[in-house]
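These are the structures, in structure tokens.
After this come two complexes, each holding subunit A, first together with subunit B and then together with subunit C.
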Partner chain A sequence: MSATKPRDDRRAAWWFLAPVLVGFAVFYGYPAARGVWYSLTDYTMLNTPSYVGTENYAKLFADQKFWNSMLVTAWYVVLNIGSQTLLALGIASLMHRLTRSVVLRATLLLPWLVPNVTIGLLWMWLLDTNLGFVNQLLHTFGMDPIGFFTDETWAMPTVAGINTWAYTGYTALLLYAGMLQIPQYLYEGASIDGAGEWRMFRRITLPLLRPVLALVLVVSMIGSFQIFDTIAVTTKGGPVAATQVIYYFIYQQAFKYFHMGYAAAAAICLALILGLLTAIQMRMLRASRSDLA
Partner chain B sequence: MTRRTFHLGRALAWVALAAFIVVTVFPFWWMIRTALTPAADIYTDNAGLLPDHPTLINFSRVLGLTSEAEARAAGGSGAHINFAGYLWNSIVYCSLIAIVQTLFCAMAGYAFARLRFPGRDLVFGIVIAALMVPPIFTLLPNFILVKDLGLMSTMAGMVAPTLLMTPFAVFFLRQFFLSLPRDVEEAAILDGNGPWGIFWRIALPMSRGPLITIGLTTTVWAWKDFLWPLLVGRDESNRLVTVALGVFLQQSPNTQPDWTGLMAASTLSVLPVLVLLIFMGKRLVQSLNFTGSK
Partner chain C sequence: MNRRSRAGAALLSLAVVAGLAACTSAAEQEPGAAVTLDYWLWDDNQKASYQQCADAFHTANPNITIKISQAAWNEYWQNLTTQIAAGDAPDVWTNQGSYYPQFVSSGQILDIQPFVDADKVDLSQYQGGLADLFTKDGQRFGLPKDWDTMALVYNTEHLKTQGIDAAGLADLTWNPTDGGTFEQAIAKATVDEKGRNGLDPAFDKTKVKVFGFLPEWADGSQGQNGWGNLAASNGFTYLDKNPWGTQYKYDDPKLAQTIDWFKSLSAKGYAPALDKASTLSRDSLLNAGKGAITFAGSWMINSYLGEGAKLKFAFAPLPAGPQGRKTAINGLSDAIWSGTKHKDEAWKWVKFLGSADCQNIVGGNGVVFPAIKSASEKALAAHTGKGRDVKVFVDEAAAPGGTFFVPITEHGNEVSQIVQDAIQAAILGQTDSATSLKKANDQVNALFK
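Our next item is the complex of A and B:
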């Protein structure tokens, strides 16, 4: 910019960057390359990896269990993201039109702060077939107890419901933050023109929130695809394979059967899906920034 | 007429919001309530918002404060548990990662935003590309790496992958440093400050808000970590709270889990974040405005 000689901070810069670059090389770059290599080998952690070409992938694509886990994961994502986004949108717009209370927002955030393991345990207790609060409640209404975690049709909706409970408040606050950027005078004007709340929601909130909503949707989908903790604590992939999600499949292949190469190949398939979603997210980030600027 | 329906609608909206708050908070209430119930009462005392015979025995036995015989008498399986130790491990784990990672990522973020050196944008692009690599992909090779380095069951092995950096923190802090006004820095250069002087004396103090935001977010995620510490921190001496909860559940008989003990331990795992929420609630809520939409 200035007329004097251009600054060159290269000596200082590499010191600023050294810790991050070491961390990146050792725990991101190197393992990523190693992961690709493992997926092309037969490796059990006890032997030296031996190159087998694309054999792991061929086996994977013929593996009924792999496709089942993909299907189960997709079912989970649909249940979880669908319910969570709709509920969060509802709560965010209620808050947006009613209150700016920080205490209320902090309360909504509470489940997000709690480890998924704790949340899994908590709901195992609330939904326990014999003693759980929910089944006691059903009993007082004269209904039969439900085996929420042990029944094949109930297990996945139950797990999805638990995580919807845990993440709806957080998602609602993200959407709410987006709604706060919508100029207030639009609502005032619409109100003077006699528009009702529902009409304002459809004509003002929803269209102007769209970039934020799309971004939140993609970010929560990326998280949703990686469901593991709740299932590891509650159903362990069962009953039968009703909650055998892809993360749990990879975990079992790697650390129960020690099929490291096979697990790495499955991890790459998941990484491709998530990488695609992240690429979409980054594009949206850029788009939404220029929209708001 | 329209006025009345409007008010009715508002009342209904408040009722819906209140209902959601109750659904959010009630499970935590029930957790604490169960933790305060004697194990012997679990079949009979399960209505009402408060236990009939409140007790702290479940807390003292999961904190390892009672003898094995006492713990067994109060409904425990007799296996050794010490949540005081696990809580301490979790606190060490979170603090280490949050502090070191935030500092190093701030340094890198500053360099990417403000320093001039050849290859800057290329290096930044490569680091940011790691945002697209999901954790599961690096998890398996990192596990093998930590094993080969002889760091299994050590705190060093547990914090290693996230201690130095996460791509997100670098990205987030760089974005912030880009928005800092340049004139203050230029004045500091004229005063004879080098890059280090400007970073420590000017850039860091000016970015307290974003530093706390990223530090808090990192703390929360580290507190929730489960799979990596499960794989690496298997030893009792460096077990984290989340891992310990899983082990506790496995030790508990399948036919009749030790619910009062499990809920006492669960309560202990919530307590630190509850304290965080009470003291830093406003910051945490604001951090969502930062990370969510910008």
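Our next item is the complex of A and C:
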């Protein structure tokens, strides 16, 4: 046995990686490099871009609207990720400990299968102040109507709520899959020792779910930062700038005002911030190590 | 991959390349050959009418074919800009005031003044002032194709049951202090859940069933669907000069007064407050019986009087303010791309679009009011033929001094967002109108430095 030299698979590996690498280079690498270049120019789509150095960035850091949109986005992420993760954890453990019905699991995914624009339109009608079903309900209970999308304090929680509704099922399913990896004997042992469900959840489920939870948090947080379609359909960034999230800001700069260079600079900033947040999260949750090993 | 399949792949790719080459050579133009012009517009309601024009044009010029493409408003401008950036724009496209200045300043629109001079196009045939909107420094960037004005639209049944005389709506007055007879009519049209109207001392403004007036707050920098008209009738002007002004005047107290009056309507319960307003369009709300009166542009005629309307509506002239009755008038034009390979053919098409031959066709279909006065008459007749009374729009357009043009300047879209945000902030009560508008005006004018 020792006579046979282990075959070097590295050359073959490259062949298998090539399709993905080429796709990545063409559809991500090259556009990203172009994006970095545009962020250093005064490109407006109609002119030949010329190099302006860090002018776009200097302007961006002085732009109140940019910082406001960052704050607004952060507020959205807190609302959305907070509610979504808590709800999903609850639903996933219910599925894990109570029922394993496939129909139920499939039903949970339904909102996630509906296109976001449809979801936006659907809720826009349901929550409308004058014609919406929800406000009619409030009215029958003798409450004042709420301008879910037009009241500045309500607008962002409403948008966050809609997306939580849409994505909780999906997140719950991911967490549920993670819970299935936790060995059943741990729960059996714990229940023999007299531990209740809540205690088992805290002492067994949560710690052993940590790597999966970390991954789900990272992925859903990146997704959450990219909130755009629901806002483009419902509030369009209003009232005033209460829901003007960073993606909507970039979209406006790029495709409404045609400030491509400026928008590219904002997009690069966003990418850097997301990278940083991801790194911190991975670190804090020790995502690459599992306690099961 | 063995050798044979490798050779096969090489042959296959060669065949593909050859095929591509064949395609490009087929597309090459021979002089004198048939020309196809790309023409873009965004309004799907108008596509059929312009197809009729294109067919008539093709009959007269058999070697020129017009290919019409239509895309919805937002996509239209994105596609257009992308295509221009890619050097592959349509030969002729429909232009509008807030987007077209950037194409002019980046040199993308052909100056057609030399053509107009050579062919002696009669510019006086158009509705007054429309042709001048598309000129800059002696250059001309399009011929006018249509216009629109504003009027009041109201729910006829509702106003009748509220005892408001339809004839009386023809000469409403307005002022920013007490709202004049316009506010009286709005108050009377407002009904609370107990059936009391807005003038009743017992009127409960927290339980309104039908709002007398529906304001539009997502109305950009122009307020064409509301505040702009009343502010103008109060003596407000947007700009130092229009088109191509560089100094906006949103800090004018006359505008702030107007905004304050709108705010007072909400405070009195005659109109929904912005933070309790619907995100749906005003015509859906009117159709649902939630409102009685609002502003409507002539492009909405077919929505309100057409078969899609669930209730009966009618139009009335705008109220006359301290400076008389003023309606925003806006027009579209057709522009030629400066990079087109077929300048002469494109000019022929634009000239035809701006001629009575085409505009009579469009007018006869009663979709929009064409820019040529006689064709507008045709549109009016077409509407009257269908039993629709839309004379107010034409009368307002013809009234001397009764119209004002919405501003055409650089940075149109940014100005729009800044001013809209400022007005919403004022309406929401974040700051008072004067402060908010002053701040917005400084931001707007800083764009021009």
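Everything below uses one rule, namely that the second predicted complex is superposed on the first by the 249 of 293 C-alpha atoms of A that agree within 3 Å, B and C clash if a C-alpha of one lies under 4 Å from a C-alpha of the other, contacts with A are read in each partner's own complex, and residues count from 1 in each chain.
One rule holds in what follows: a contact is a pair of C-beta atoms (placed from the backbone, for glycine too) under 8 Å apart; a residue touches a chain by one contact, two chains touch by 3 or more.
Quick caveat: nothing in here was measured; it's all calculated off a predicted structure.
J.: First (subunit B), second (subunit C), both or neither: which does A:45 touch?
T.: It touches subunit B and subunit C both.
J.: Classify the contacts of A:149 with the two partner chains as first (subunit B alone), second (subunit C alone), both, or neither.
T.: Touch partner of A:149: subunit C, not subunit B.
J.: Is A:258 touching the first partner subunit B, the second partner subunit C, both, or neither of them?
T.: The second partner, subunit C, only.
J.: Quick one: classify A:34 as touching subunit B (first), subunit C (second), both or neither.
T.: After superposing on A, A:34 lies in contact with subunit B but is clear of subunit C.
J.: Touching A:202 in the superposition: subunit B (first), subunit C (second), both, neither?
T.: A:202 contacts neither subunit B nor subunit C.
J.: Kindly classify A:239 by the partners it touches after superposition: subunit B alone (first), subunit C alone (second), both, or neither?
T.: second
J.: Where does A:210 make contact in the superposed view: on subunit B (first), on subunit C (second), on both, or on neither?
T.: Neither partner.
J.: Is it subunit B or subunit C that touches the larger share of residues in subunit A?
T.: Looking at subunit B versus subunit C, the one contacting more residues of subunit A is B.
J.: Could you say whether A:131 touches subunit B, subunit C, both of them, or neither, answering first, second, both or neither?
T.: both
J.: Report for A:100: first if it touches subunit B alone, second if subunit C alone, otherwise both or neither.
T.: After superposition on chain A, A:100 lies in contact with neither partner.
J.: So which bits of subunit A does subunit B touch that subunit C touches too?
T.: In subunit A, residues 45, 124-125, 128, 131, 255 are touched by subunit B and also by subunit C.
J.: Can you list the subunit A residues touching subunit B in their complex?
T.: Subunit A reaches subunit B through residues 6-10, 12-14, 16-17, 19-24, 26-32, 34-35, 38, 45, 87, 90-91, 94-95, 97-99, 102-118, 121-126, 128, 131, 133, 136, 165, 169-170, 173-174, 177-178, 180-181, 197, 212, 215-216, 222, 226, 228-229, 232-233, 247, 250-251, 254-255, 260, 263-264, 267-268, 270-271, 274-275, 278-279, 282, 288-289, 292.
J.: Can you name the residues of subunit C that touch subunit A in the complex?
T.: Spelled out, the residues of subunit C in touch with subunit A are 78, 81-82, 84-85, 102-103, 106, 108, 206, 218, 272-280, 284-285, 288, 290, 411, 413-414, 417, 421, 424-425, 428, 430.
J.: Please give the residue numbers of subunit B that touch subunit A in the complex, ascending.
T.: 9-10, 13-14, 16-17, 20-21, 23-25, 27-28, 30-31, 34, 42-43, 46-47, 104-105, 107-108, 110-112, 115-118, 120, 123, 126-127, 130-145, 147, 160-165, 167, 170, 194-196, 199, 220, 223-224, 226-227, 230-231, 241-242, 245-246, 249, 257, 259, 262-263, 266, 269-270, 273-274, 276-277, 281-282, 284-285, 288-289, 292-294
J.: Could you please specify the touching residues of subunit A with respect to subunit C in the complex?
T.: Touch list, subunit A to subunit C: 44-47, 124-125, 128-131, 144-147, 149-152, 234-236, 238-241, 252, 255-258.
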